[in-house]
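Lettered A, B, C and D in written order, each chain numbered from 1.
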């Protein structure tokens, strides 16, 4: 594939996700990245939960977020997720959160994941995931 | 014991726990009840995490909270926890959240727990816990 | 209306919502109740966020949940929400969380809300909401 | 001061903070950074909540975390917080989360904050905060 596949998922901001500033609390965007990641895997025909059952865990090893504008209660937001970098034992996913109504970019970021087994030993990514893109 | 033992734990409200009303989001008091419960067990010389490792899980089967007054960011709150009812396979704990500064009662509630094993089958509570009070 | 209107909303369990027992952490069902409540208001043509802007706040005064069976990561769950009791200054909503795949009932519960203004004084519910059902 | 002041705060991991991998969910470390930040301000004789009341808001504009080893339920963790960079309208704080028992470093990271007023306009940091270190 010459172009990265971008998977979109849209949902509504929960009151629980807001804080006393009246906006979404910053840590919750990492949760939204996780929602986007799950949908990305599902769109690629995979199921992260099943991987876990087969002993492939993908804990986050690094995370970064840049906050451009705040999301607010009841707003529809869209998380766009793509595979940024693929290695045999790790992968980096990129994210963009937009307001679904205005398409304004709210937050961008990425997470890096290392594949480990139940005992925490680094292992090769599931073969299915290695097929998501070009391994570097 | 003729009197229920009450265990207190005090901590500060996190910004993450507030919502757009400027007060602590109601579901977070259930988390604070859990903090109080852990401290209650510890004060009784027990460790819930160890129980889990030995296959005694205590999932919540019912929960109730009554909200009297709101807690706010950075406030010190005290959770008071006691054993309300003890049966061979279940236990009910009671909670009271107070403002540490004013002693005003903010939230009261209770949680009921049923003891299960890793496969979800109901089992007797750990013997140590059955010694917490009179089994009804 | 002789029959209570039930509003359904379906979404996927987030990894963030699970706990070390491998199931959804019990306090998160109160968050799901809130998601159901927002959808209920929306289905009735109302917007809770707008009410807040007009000075009608509906903080939770009591909450109860009964846990029948656990939800797990990536599962689709449906929250069914209805108006249980309507008074001039308070309302009680009922909830049922089901597995969308099997229709198994996972959690039931209710929340009671008292209408207050920005200063915390009790006030009449918004007229639009009083039209949701018969005021008792 | 030639050396950055490091402020430590220690607390216990909550069950609510764990996930189905049996470890602390990665987004919660950003919440812990916020706890460390509040304690840092308090140790400097300041109160972030009061700043907000005076119209100085410090939303997060960027956040980064690197995950070295996982924290687990009931473990005592220490968050070490320091001021990394101070400008007239923004500040960057650094964080390190350690196991209180073993002193093992679990997570490191930083957050950048821009000072805004209630309307979201960028403004100078509170004078008290500008006294925390050398403004660059």
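Throughout what follows, a contact is a pair of C-beta atoms (placed from the backbone, for glycine too) under 8 Å apart; a residue touches a chain by one contact, two chains touch by 3 or more.
Keep in mind that this is a model prediction, so the values were computed, not measured.
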Request  = Select, from A-C and A-D, the pair of chains that is joined by more C-beta pairs in contact.
outcome  = A-D
Message = For chain A versus chain D, what separation do you get between their C-alpha means, in angstrom?
response = 23
Message = With centres defined as the mean C-alpha position, give me the chain A-chain B separation in Å.
response = 33
Inquiry  = I'd like the Å distance between the centres of chain A and chain C, where a centre is the mean of that chain's Cα atoms.
reply    = 28
Task = Can you tell me which residues of chain C touch two or more of the remaining chains?
result = 15-16, 20, 23, 27, 31, 34, 72-73
Inquiry  = Can you tell me, using the touch rule above, whether these chains form a line, ring, star, complete graph or other shape?
reply    = complete
Task = Sort out for me which residues of chain A touch chain B in the complex.
result = 15-16, 18-20, 22-23, 25, 27, 72-73
Query = Given the complex with chain A, which residues does chain C contribute to the contact?
reply = 11-12, 14-16, 31, 34-35, 38, 47-49, 72-74
Interface residues, chain B side, partner chain C - complex = 20-21, 23, 26-28, 30-31, 34, 52, 57, 59-67, 70, 111
